[in-house]
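Below you'll find a set of structures to go through.
Both complexes shown next keep subunit A, but they swap its partner, so subunit B is in the first and subunit C is in the second.
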Partner chain A sequence: MSEPHPRRAAVTGIGVVAPNGTTTETFWKSTKEGISVLDRVTREGCEHLPLRIAGQVREFDPSAAVEERFLVQTDRFTHFAMTAADLALDDARLPRSDTDGAPFSVGVVTAAGSGGGEFGQRELQQLWGKGSRFVGPYQSIAWFYAASTGQISIRRGFKGPCGVVAADEAGGLDALAHAARAVRRGTDVIVTGSTEAPLAPYSVVCQLGYGELSTVADPVRAYRPFTSAACGFVPAEGGAMLVVEDEDAALERGARVRAFLAGHAATFTGASRWEESRHGLAQAVRGALDEAGLAPEEIDVVFADALGVPEADRAEALAIADVLGAHGRRVPVTAPKTGIGRGYCAAPVLDAAAAVLAMEQGIVPPTPNVFDICHDLDLVTGRARAAELRTALVLSRGLMGSNSALVLRRGTAGAAQ
Partner chain B sequence: MSDRITVEELSELMKKAAGVTVPADDLQQQQDSGFDTFGVDSLGLLGIVGELENRYGTPMPPDAERSKTPRQFLDLVNSALLAGA
Partner chain C sequence: MTRRVAVTGIGIVAPGGIGVPAFWDLLSHGRTATRGITFFDPSGLRSRIAAECDFDPGAHGLDAEEIERCDRYIQFALVAGDEAVRDSGLDLARENPWRVGVSLGTAVGGTTRLEHDYVLVSHGGRRWDVDHQEAEPHLHRAFSPSTLASTVAERFGARGPVQTVSTGCTSGLDSIGYAFHTIEENRADVCIVGASDSPISPITMACFDAIKATSPNNDDPAHASRPFDADRDGFVMGEGGAVLVLEELEHARARGARVYCEIGGYATFGNAYHMTGLTKEGLEMARAIESALDHARLDGTAIDYVNAHGSGTQQNDRHETAAVKRALGRHAYDTPMSSIKSMVGHSLGAIGSIEVVACVLALAHQVVPPTANYETPDPECDLDYVPRVARERRLNSVLSVGSGFGGFQSAVVLTRPREKTP
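Up next, the complex of A and B:
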């Protein structure tokens, strides 16, 4: 059992189903060009609700992506998850023929914040419209947070350690950290990430009570964090899955090591207590840096949480300054989610995916729709910025009070491949 | 409506309740294959039983949802329908 060196958690595959692209390539192209796809909510039954703008995944045909029985048995958020997992495994060049031979070496860890709202709404309408005998049995699993982990593992025949993190939006980063720990403890591969589908009418109504939700009807003004015009956040659907793998196992099979999950920490400071999130977020960053063995000055780019609530934006800017000191005013900070919306647990996973791509290509993507920063940050706006990026820090906070920080290091595959 | 549940109706219900498509002719040929070989799990079978109960307005025997094969299932539900008629 003795190892020549500690096992390291490498990212070898990325799969994205996002409002600005349903492949990793289109997502990254839109992200680095700073294209905003925020637009009117057009989902059936949502048109009259006070939430006007969101990041919808418009270019997604579930029947082309997953088998018929999963269309009947699972919710849209699981359709996204299965699709993103397929894309990530393809990207990692880890086909079913490889994993079938060692099913216990592959596990799944996802995070979810809103569950299967569309499926749940349909069945609840049956319950109250026709009676309990008309509720289908798949309701018992389809709308649970755990559904995507379970269905991905069943569909792909994975029997390794599985988990579900239900820890608020920041849980997206916690899931990646959970995956990294599973890999360090001995599992070769974990398929991990988060997808959400919170734009069914029932789910939207559940969000209307959030004071932080933006109900501004203009797509270019609805979500502008770090500005004096900040008016809340815009929700989104979609997400990303990553293949996280033991570095040695990855190299042995000739896979590309695209990045390392180097450090993570999480804290809790209470629901909507944004001023206090400053200290929680700062502590999470310290913990993540400590685990990664990095000094604050070694962070090359920050993917901000960027909630878009003035008090929360101030707390985040101060948290960055608290930990990074003077470096915090120089390091490029970005929030590409202003172009696609905030997909709850999926939001920081999309940021982690973008961070890997940014490090590979030496490009910091911009923050769409945001100009005139009113905080002491070097926020990348307008257009992408070229930079040598060896490390990235991804920040996330949840509306219920969780704070997480994840440090990624650039992989060994290099930009040339 | 026939008072017997046919292979055709079972095929239709498998598609509706579990999302599993097996043409009636194939199902006819493979009546002794396990539901699991078609990809119908226990929740799927439970959904089929629920559909039948709503459709015929009569409870199905408790063992129906534990049937292993289409033949076993059809025998059980049809004997219940006959008894109830």
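Up next, the complex of A and C:
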């Protein structure tokens, strides 16, 4: 064994339920091939609404993975979360039999930006359409933001530190950082991430007030960040869960250390103040690099926030230049979310999952539907690009003004063949 | 060198009076602020009582635009935040804004406005395919839970880590715990922390009705919240907000600030048992208490007062009594333990921070607030619940605990500044 060292937060498992794939493998295949699955919103009751395009998870059968008694008391966002957590734990080869003996050593931390909207709308309809005694017993536990953390903890028997960041988009990275810190403080494993299901009709109506929402009806043109045709973002559902684990604990049980959550910082610059986000994002990147002990030029790939609003895109390009300097014009930048949409807190978690896979395989996935970049960035468009990736920087900004940066390092197991 | 975390300012909006003096007056006199619901017609509900705030945002410094734009629970946080920052004496304009964070909890966030607008767009609950043209302009702010922390951060110019925490009924302890870690681990020097909820609306009342968690004692609302009493029959819904200024201790000392107390330790665990049910043994809450004490480097016998979750449901009060006995051992029997929910009701995500403010005041005044309405002992709840009357007592270290839907169990330890302890 090596010398005693500070505890390090390793990623040992990934579980994805995304619009472009309901397993990690299918997600990564579609992501690296740059396939866009943005399409017409077809959820019941949404057809007439001005939001035309979204990233929907179309082939998802929660009953294949989750027991009926958990399904009836939860919303779609928690169905995604329980399924993704199972996938991540399977991927980490961490079966129930391994965790049952030490339940306090495993915690759950999720981020939630919209809660159980479909369940909530159904129960509101019961209350206002029929009367208060028609509200069911599960409304109190299905709609609230903590539902996914609580249900994963209960279903899998995890009694470790549990947390919920109820957040804008950047909160997805904050949840991962929260998990990494819990691991550094002494918990062996945290199952962490975010899944969202914001496409029930009333949830869509709530989002129409976001000035940044794209209402363009052409799936190819609806979400085109960093171009002169940028017209806002397209929302999405689904998300990812990761298993974050103390490196030594992982090695001891023979798990694969796929990546490290090496550095994170979060700042705030005000809702929709996109010009200001340049400074907030730059400050977050500096903080994350500092915590990771990396120099700016050691960043090998950037997963951009890519909001798709001209002033926000400009601010992000400038923030990258501010911190990375000349390296910022050479480092590959990508935004695979243009092919699946922006799933609120889940969006940067999917980026973090893609970053781990990208580092493992030495492949930068492309940015679908985007060409003719009008910023001084090396945005990877068209086809995936092969590159030696030892580190990755994931950026995220929220509509309510948060900025977060997460630095990942490649793990020690299973690097590119 | 470990960074220590001081409380230097407090502010509150609670039932029975707005502001710290009115709140402490209510608690120290053991008065209750529970009454029949006035915000809407509650007929048809099983529980038609609540602890409502008589709150006029205009009278507390919010302008018409803020009142229109901000949901009630955010208004609470702004008003409590103003009081806390004023109380701290901090000149935030002179702080490095990147080192000022915000961590605020809420369980149900903007549900009151979400429900209000839902009724409009669904034409009274008749349409699934809702009519977006009926929606009001600020609806998206109710939809996004981060609006709470974001609005408070904008008001005070915070540019550091800003987050909304939502772990159900432990939100108000966890928001303080997260910020405690943030300062301790050197990601901020100052954090504006706390929690807020305004859940007294038909949908939230109805969903707690559906699981019979709330008290049906509609004939005697003033005495309906009866934590630890043998005749308790559920919690009484409340609302409110509390904000505290947390500050790295040396930072506070350098500017000559008054230090109320320190946050000594915090921990949270899940019970992995049931979303709403609790075990009889209270193993996980006991573990949270022990872990928070470890963090504070205190032995259980150092605890002079336990501010209980004490919601007044049969199972909660049994569970909690068992947990405190398990964590503090024999010392539990010599330690006063009270529930202020007997007076201000249970404001879901907000109550944890309201209770921490009560602890800060208990330490400052060296007075333990009582459990109002406590009359008939329950053999399974056999600790000293400080019946009805506040009690003077030497207090150096106090503990606040909470339990939430999802199975969450949290504990916060507060201590008086150490050099003042004998």
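Simple rule for what comes next: the second predicted complex is superposed on the first by the 412 of 417 C-alpha atoms of A that agree within 3 Å, B and C clash if a C-alpha of one lies under 4 Å from a C-alpha of the other, contacts with A are read in each partner's own complex, and residues count from 1 in each chain.
In this section, a contact is a pair of C-beta atoms (placed from the backbone, for glycine too) under 8 Å apart; a residue touches a chain by one contact, two chains touch by 3 or more.
From a predicted model like this one, the values you see are computed outputs, not experimental measurements.
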{"item": "First, second, both or neither for A:S97, with subunit B first and subunit C second", "value": "neither"}
{"item": "Contacts of A:P137 with subunit B and subunit C, given as first, second, both or neither", "value": "both"}
{"item": "Which of subunit B and subunit C A:G107 touches, first, second, both or neither", "value": "second"}
{"item": "First (subunit B), second (subunit C), both or neither touched by A:R181", "value": "second"}
{"item": "Subunit A: partner with more touched residues, subunit B or subunit C", "value": "C"}
{"item": "Which of subunit B and subunit C A:Q73 touches, first, second, both or neither", "value": "both"}
{"item": "First, second, both or neither for A:S228, with subunit B first and subunit C second", "value": "neither"}
{"item": "Residues of subunit A at both interfaces, subunit B in one complex, subunit C in the other", "value": "73, 133, 136-137, 140-141"}
{"item": "Parts of subunit B lying in touch with subunit A, wherever the complex brings them together", "value": "15-21, 39, 43-44, 46-47, 50, 53-54"}
{"item": "Residues of subunit A touching subunit B in the complex", "value": "67-73, 133-134, 136-138, 140-141"}
{"item": "Of all residues in subunit A, those that touch subunit C in their complex", "value": "44-50, 73, 103-104, 107-108, 112-115, 120-121, 123-133, 135-137, 139-141, 143-147, 149-151, 153-154, 156-168, 171, 174, 178, 181, 185, 201-210, 265-271, 280, 283, 287, 398-402"}
{"item": "Subunit C - residues contacting subunit A, complex", "value": "44-45, 98, 102, 106-109, 111, 114-115, 117-119, 121-122, 124-126, 128-130, 132, 135, 137-147, 149-150, 153-154, 158-168, 174, 178, 181, 185, 187, 202-203, 205-211, 213, 267-276, 284, 287, 404-408"}
